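The letters A, B, C and D name the chains in turn, as written, and every chain counts its residues from 1.
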Amino acid sequence: MIRLTHVTKTYARSGTALSDVTLRVGKGEFVFLTGPSGAGKSTILKLSYLEEMPTSGEVKVSGVSSATASRNDVAKLRRKLGIVFQDFRLLENRTAEQNVSFALEVIGTPKANIPNKVARALTQVGLASKANALPRELSGGEQQRVAIARALVNDPFLLIADEPTGNLDERATRGIFQLLREINAAGTAVVMATHNLELVRSSDFRTVELDHGKIVFDSAAEGAAS
Amino acid sequence: MIRLTHVTKTYARSGTALSDVTLRVGKGEFVFLTGPSGAGKSTILKLSYLEEMPTSGEVKVSGVSSATASRNDVAKLRRKLGIVFQDFRLLENRTAEQNVSFALEVIGTPKANIPNKVARALTQVGLASKANALPRELSGGEQQRVAIARALVNDPFLLIADEPTGNLDERATRGIFQLLREINAAGTAVVMATHNLELVRSSDFRTVELDHGKIVFDSAAEGAAS
Amino acid sequence: MSAWRDVGRDLRRAPVLNMLTVTTIAFSLFAFGLFGLVAVNIRAALLKVEERVEIRAFATEGTDVAPIAAAARQVQGYPEVMSATVVTEQQALARARQELGEFSDVFEEGFLPASIDVRLKEGHRDPASVKAVATRMHGFDFVDDVRFGEEWITQLYRLRNIAFVAGVALGLSFAGVAVIIIGATIRMAIMARAREISIMRLVGATDGYIKRPFLLEGMLKGLLGGMLAIAMTYFAMKSIEHYLHFETVFFERRFVILGVLAGALLGVVGSSLSVGRHLRQAI
Amino acid sequence: MSAWRDVGRDLRRAPVLNMLTVTTIAFSLFAFGLFGLVAVNIRAALLKVEERVEIRAFATEGTDVAPIAAAARQVQGYPEVMSATVVTEQQALARARQELGEFSDVFEEGFLPASIDVRLKEGHRDPASVKAVATRMHGFDFVDDVRFGEEWITQLYRLRNIAFVAGVALGLSFAGVAVIIIGATIRMAIMARAREISIMRLVGATDGYIKRPFLLEGMLKGLLGGMLAIAMTYFAMKSIEHYLHFETVFFERRFVILGVLAGALLGVVGSSLSVGRHLRQAI
């Protein structure tokens, strides 16, 4: 599904964000990415949906390789992904509903099916009542949930979520986590960067911990029982 | 310091965000604002720095009343406040350092004093090494800490922080909380909206809980021992 | 259609920018139109003048009318020739008297020669053809002299050629300027929507999908600008006619339509270039 | 200074938008400049023509020179009069002969009247003054007729008045258009920085602080546009001179400086209006 092979990512202005990271995420897996601020979690996720390209090494997602992908390959890959960005990235001039339906329009979903799917996704994140609000008319947590709904609506085979509960209270966090588990149970692989260690501890999903651009712990690795 | 008197805030498009809230925050107090997503925490904070005006009732901050304040009064008030926005609101085209020093330039701090103060604030939030990075070159948590540094740098007499640790890991969160405590101990009043109940429980500061635009719990109120 | 909705939203959002775009397109095409109008009118004037291109072969004094008439019939058979008329000595005198009015007494003696007056068909009035016909007519025995104002015809054609070349050159440079201006204004619209475009890319939109509303927008503005330009050109012509008492010709209907379509094309090309450049830069 | 740094950043960030602004300012002022140039040249031409305004009082045939000379001295004393010259019958004849050249035989008999030729001082060549002087000269006994081309002077002054009024009207409307265009482009720059402005407000910046870089920017662009306009006007004049063999006058130095300053002023006013409007809308 996702395969990072000896990936190093260096930014011209701030040095190395990831150094020699090798990571493999299998089909249908649920993986937590943890680690302190600036460890490289978002960088791994950005590489996975090819927003960033590795400085060296190779990233391969669902058969699309960072070494050979064309602009069109990347667009096609992203249509099959669901992405929750750390900074939401909602379209400012569209309502919650339009932000979600937009993701379906882009991938050419038949017009007739869109309203139902959108309504379902908004209900799943508990935002049915805010369908017609613009992002600036939503609270921080509400915006975050619109971002989650948009990532889920196209039934992705891989969900990439960067800190999807940072602005949510405990109950909403549990609700969203429950939702992600259900989606995962239905076959979607989930990679989720989070600071919420309680969440990580409350389940026994695979956990990958980063620090200073290196993997310092992987619960799936041999001898990780300690 | 802050006095909300029978404040109701109604948004044309989404109804009532706050209804008949009366709240008083004293000099040098430390107050947690909690409550579920959409409860009205950010709305109370926006009213406190007069980004929003109450639909009815009065907001009075440091002698500036929502009923009579001119544009200039508002500008002058804000110079004495420190504000951490839930969505950071950093200037995209300025480095971390410039974003912080900018807050000092605006209030007319003598040029010679600015670099020192900026360096100190960035060090306090653990970002001295990222001084020259633009916001888009920073991780989510790093951006959040720049926002905190900007709020602290002008030695405000009131610090308003909206979910200032949402993107921070546990250690960084504790560090920032420690910093806020020190600042509070030095005399600055702090009002902080947060979802991190652990943080709230770990201290015995006053806690105000909101739900559906109403104050449902205030640890400083009589009979709140339960 | 989502693309149309986007266009509507965008047009409403930045009315000033959009007015500026339409106006610049209109002015570019207006400049183009004004030049075209000058060209069209020069052409019309040339056509009128050309009609008067005439070759006169004068007969030696005293030649009989019969051979002249025979020669005229022969000349009439030349492919370039529209008409070949015989003017006898008497007719030449009468014509001169009429043209000169009160001074007619001078011609009492009748010493004007007979001539064959030849008019050429359209498309054969260029200096080369005229000269060729004149040379052939020199071949008749009785012909004393052939006159056709060589200098004058050459000048006329040089003017026409200059007008043509200047027209193409100016037209192309104006079109270039228009594309650049359109590109610049669309670029501003794109910069204002840069964040939106990058989000679209991130949820999987192809370049084509992203481009579509911008192209539509460019086309709409181009159409509007083109129509405005036509209107402005028309009123400019009317006021020239009115104030300078100068009779003018306007474009034919199909050229008007072509002008508006040219506006649309400019809009699409300008948009396409600047969206393309933006997309190649990002991600 | 932070305001200057902001301006630098802004100018580098949107080169297209900025070029467009400078160009529109330049073109507005160029149009203004061209019109001004026409006005200046009409004025120069008028001055030359005016110098020729002349009143001629013709004496009855056979009048002695003595009273005519006395009258001329008296006329010379009028405040409006620059010079009053006596032209005797002989001189009139000689002048006519010289002017008419070969046809001079016709005047053999010498029947031209003597006259007093009067030129007026600058500032007294308007129809009213000319008429007043002419009327007074009619008062002399020996004066048979006074000629001064009333029609012609009136026409000249009407032309001058029209030129003046048209100049002011067109000048003001061009300035208005320039302010609007500058305002529009600055508004775009503001929209592109709307987020930045709102953040500035939130950390306590006053309106003045926020406005400063925009005003500076407007001023800079206006200065640049003004200089460009001057250059364009100068070259336009030079090429008119070259191609139309038409002698022209350029603006005096102080008007050139005034033009550039006017550009700066337009820039500042345009910016100020649109920033002000934006600030009043927000928060």
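Going forward, a contact is a pair of C-beta atoms (placed from the backbone, for glycine too) under 8 Å apart; a residue touches a chain by one contact, two chains touch by 3 or more.
For clarity, every value in this text was computed on a predicted model and none was experimentally measured.
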Shortest path length from chain A to chain C (each step joins two touching chains): 1
Label of the chain whose CA centroid is most distant from the centroid of chain D: A
Inter-chain pair with the most contacting C-beta pairs: A-B
CA centroid of chain A to CA centroid of chain B, Å: 29
Inter-chain centre distance, chain B versus chain C - centres from mean C-alpha coordinates, in Å: 70
Intercentroid distance (Cα basis), chain D paired with chain B, Å: 62
Whole-Å separation of chain centres (CA-atom averages), chain C against chain D: 37
Residues within chain A bordering two or more other chains: none
Touching two or more other chains - residue numbers and ranges from chain C: none
Contact graph of the chains (line, ring, star, complete, other): ring
Which pairs of chains touch, using the document's own definition: A-B, A-C, B-D, C-D
Residues of chain B touching chain A in the complex: 11, 13-14, 34-38, 41-42, 86-87, 130, 132-133, 137-142, 145, 162-163, 166-173, 195, 197
Chain D-facing residues of chain B, complex: 49, 51, 71-72, 74-81, 83, 85, 89-93, 102-103, 105-107, 150
Residues of chain C that touch chain A when the two form their complex: 2, 9, 13, 195-196, 199-207, 209, 283
Chain D-facing residues of chain C, complex: 14, 16-17, 19-20, 181, 184-185, 187-188, 191-192
